[in-house]
Amino acid sequence: MVFITRREHFSSSHKLDNPDFSPEKNYEVFGKCNNFHGHNYYIEVTLTGEPDKDSGYLMDLKILKKILLEEIVDKVDHKFLNEVEMFKGIIPTTEHMTEVFWNILKPRIESESPIAKLYSIKLYETEKNWVEYRG
Amino acid sequence: MVFITRREHFSSSHKLDNPDFSPEKNYEVFGKCNNFHGHNYYIEVTLTGEPDKDSGYLMDLKILKKILLEEIVDKVDHKFLNEVEMFKGIIPTTEHMTEVFWNILKPRIESESPIAKLYSIKLYETEKNWVEYRG
Amino acid sequence: MVFITRREHFSSSHKLDNPDFSPEKNYEVFGKCNNFHGHNYYIEVTLTGEPDKDSGYLMDLKILKKILLEEIVDKVDHKFLNEVEMFKGIIPTTEHMTEVFWNILKPRIESESPIAKLYSIKLYETEKNWVEYRG
Amino acid sequence: MVFITRREHFSSSHKLDNPDFSPEKNYEVFGKCNNFHGHNYYIEVTLTGEPDKDSGYLMDLKILKKILLEEIVDKVDHKFLNEVEMFKGIIPTTEHMTEVFWNILKPRIESESPIAKLYSIKLYETEKNWVEYRG
Amino acid sequence: MVFITRREHFSSSHKLDNPDFSPEKNYEVFGKCNNFHGHNYYIEVTLTGEPDKDSGYLMDLKILKKILLEEIVDKVDHKFLNEVEMFKGIIPTTEHMTEVFWNILKPRIESESPIAKLYSIKLYETEKNWVEYRG
Amino acid sequence: MVFITRREHFSSSHKLDNPDFSPEKNYEVFGKCNNFHGHNYYIEVTLTGEPDKDSGYLMDLKILKKILLEEIVDKVDHKFLNEVEMFKGIIPTTEHMTEVFWNILKPRIESESPIAKLYSIKLYETEKNWVEYRG
């Protein structure tokens, strides 16, 4: 079994805030992450399956790059995440972001390829903090 | 299922030496690692579970950072590992270190959180050598 | 001559916008950087001089770390840079940020040490874009 | 259960080309990868098992390094992969390379050690593209 | 004085060979670099000057990126360097490559900007080997 | 003018301690660095000059690698620096280490090459702390 990964980058701002909480409760739960701040995010998308016999590819990584740019990077890069359509009603923690990305990427990837399955989405918020989602 | 990771750093010295071996046998088994030397270690701790509905966090990574500093980094940073309490009677190979850290972190993490389980401890001795322990 | 460097990190949001420009002109000049977005910034501060004979240090890097945290990181980390006091009336491009940091750090460093001079401030906005200021 | 990893490096050239395809079809399938080009590859080999009681090692990483240099790096570094013996009749995509390396390393590692099993081979073609093979 | 840097990447193959040398002499001088092999190159281009008062930019790094892609990356990425026009009659050592890039970039950059001067070109052949050219 | 750099690695232990100080004074000056601890050091050696016309090299980096291994790495890797001959009577701060390395490397490099001059020695103690010496 083979696992192939493509890494992309985007820079966004966000603020962690639950509208059902009071300001005090938001500050207690989220601390300084309740302020407007931002990150350079790195996303790593991993597919799994058996490579195609003729090309030796599970999926051409240029295609996976194109999918990631169209579905994710173009929509979140240099944006305020709390106002991006895909996060409507969702607190953009790294945990939630990986799940939202999974739900967008899974049908697109599997419609592009009969052999590749989405295996994991890893999202680095900083060099010291990251989250992986496996469905 | 979500996996969250926090990375921390410490700088320590150690020496690989089995007191049941003769000096010759120690040198034969451990080579130059039998000398008194040191490393910049990087530890990555991964938890798994379902994020909390209200905060969107599996565990606030500021809390995981605090646990790592209190339980591990403050006890081993700028120390001679062979003389640190947690390694009493244990040869501080990277394999053993991950297991010792697991036994310390598992109860502490699980007492701090009803939803997060310890999944893995990864320890980098150099950029080219590392060990992961999964219980 | 010796040059010593300390690296620190902060995560902030900003928006490039000149209040003397029309919205159209701002978008033409700054493009997507005119949107509210954010970065993980890395700052590297370099001092130069001859090390002290007794300690072998030009400056203890724990002191340089303390200065950086107090003067810079604590004031900009998890903040919206356009509203931070030190950037009042200043467009927070990476070029301007290094100059503002230089003007804050130079007197503080030189009052802490009779032997170390500030040599350079380097600021990484992303892994592919950075700016250095040398006074 | 413990997982130990060793990372090594080699620089090679290759060209993705299926001799059963016409030149047009090759260019359509492989794009610019159909040209002669090259990479700095990073290989990470992971073994799993229970460490030896006396040494605290699953396998001395100096031995794993020696195996990697002899079996892989010495044969592919500064070579044109399409002409290297181990890739005879095989298109050297990253997917195929990990499988070829697995088939070479598995018997060698398991003949060197009664306790370590080969778990995974990860091969980085660039910082943004990589493949893992787990048998 | 401000120094701004943009980093880009390309993957190419090459072979170090002086046509005036015998094959034996080429092997003696260049060793395994006389074989057809390849690298992931990283190029860092640094400009210097005083930032523009209105924009706060020395040069918008999106423009410097565009110049680098058009003048360098598009011409060498996924190519065999010995056959690329700009290296006609030149052995593509890292030293020579930086000088060729300097001669191409200097007039283009200085015709795009009245305030930015080319200061340095740094080219990484591997993580352990690199060359800088300063004119 | 061209600048070429080679990077190498070693892992050592040390302790910062001035024998003319009392234990209290040593702890006051050096803090936790007064304990036995260790690091993964990275050394970067930069030479400058005009490349040779026939080879296109300032110095073959395989030769610079060999010099670094023989003169530095083999003598300090997996050693206790305070007891290494080259540091006799010298407190092994990063500042002092770069100066000691300079004094060893300068004559050796310049006797190996008529065209390359030693320009700088950079030594990373951690990812956040480093020192450069330029003679």
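First chain written, first letter: the chains are A, B, C, D, E and F, and each begins at residue 1.
The rule is short, and it goes like this: a contact is a pair of C-beta atoms (placed from the backbone, for glycine too) under 8 Å apart; a residue touches a chain by one contact, two chains touch by 3 or more.
If you're wondering where the values come from, they're calculated on a predicted model, not measured in any experiment.
Peer 1: Determine the set of chains touching chain B that also touch chain E.
Peer 2: Common neighbours, chain B/chain E: D, F.
Peer 1: What is the graph distance from chain B to chain C, where chains are linked when they touch?
Peer 2: 2
Peer 1: Of the pairs given as A-C, C-E or B-F, which one copies E-F, with over half of its contacts the same by residue number?
Peer 2: Equivalent chain pair to E-F in A-C, C-E or B-F: C-E.
Peer 1: How far, in degrees, do you have to turn chain E to put its CA atoms on top of chain F, rounded to the nearest 5?
Peer 2: Rotation angle between the two copies comes out at 120 degrees.
Peer 1: Approximately how many whole Å separate the CA-defined centres of chain C and chain F?
Peer 2: 28
Peer 1: What whole-Å value do you get for the distance between chain C and chain D if each is reduced to the mean of its CA atoms?
Peer 2: Spacing between the chain centres: roughly 42 Å.
Peer 1: Any chance you could list the residues of chain C touching two or more other chains?
Peer 2: Where chain C meets two or more other chains at a single residue, that happens at 127.
Peer 1: Could you please write down every pair of chains that are in touch?
Peer 2: A-B, A-C, A-D, B-D, B-F, C-E, C-F, D-E, E-F
Peer 1: Would you mind writing out the residues of chain C in touch with chain A in their complex?
Peer 2: 9, 11-14, 32-33, 35-40, 77-80, 126-127
Peer 1: Name, in rising order, each residue of chain D that touches chain A in their complex.
Peer 2: Chain D reaches chain A through residues 16, 18, 20-21, 29-31, 90-96, 98-99, 127-135.
Peer 1: Give every residue of chain E touching chain C within the complex, in rising order.
Peer 2: Interface residues on chain E, with respect to chain C: 1-8, 51, 54-58, 60-62, 65.
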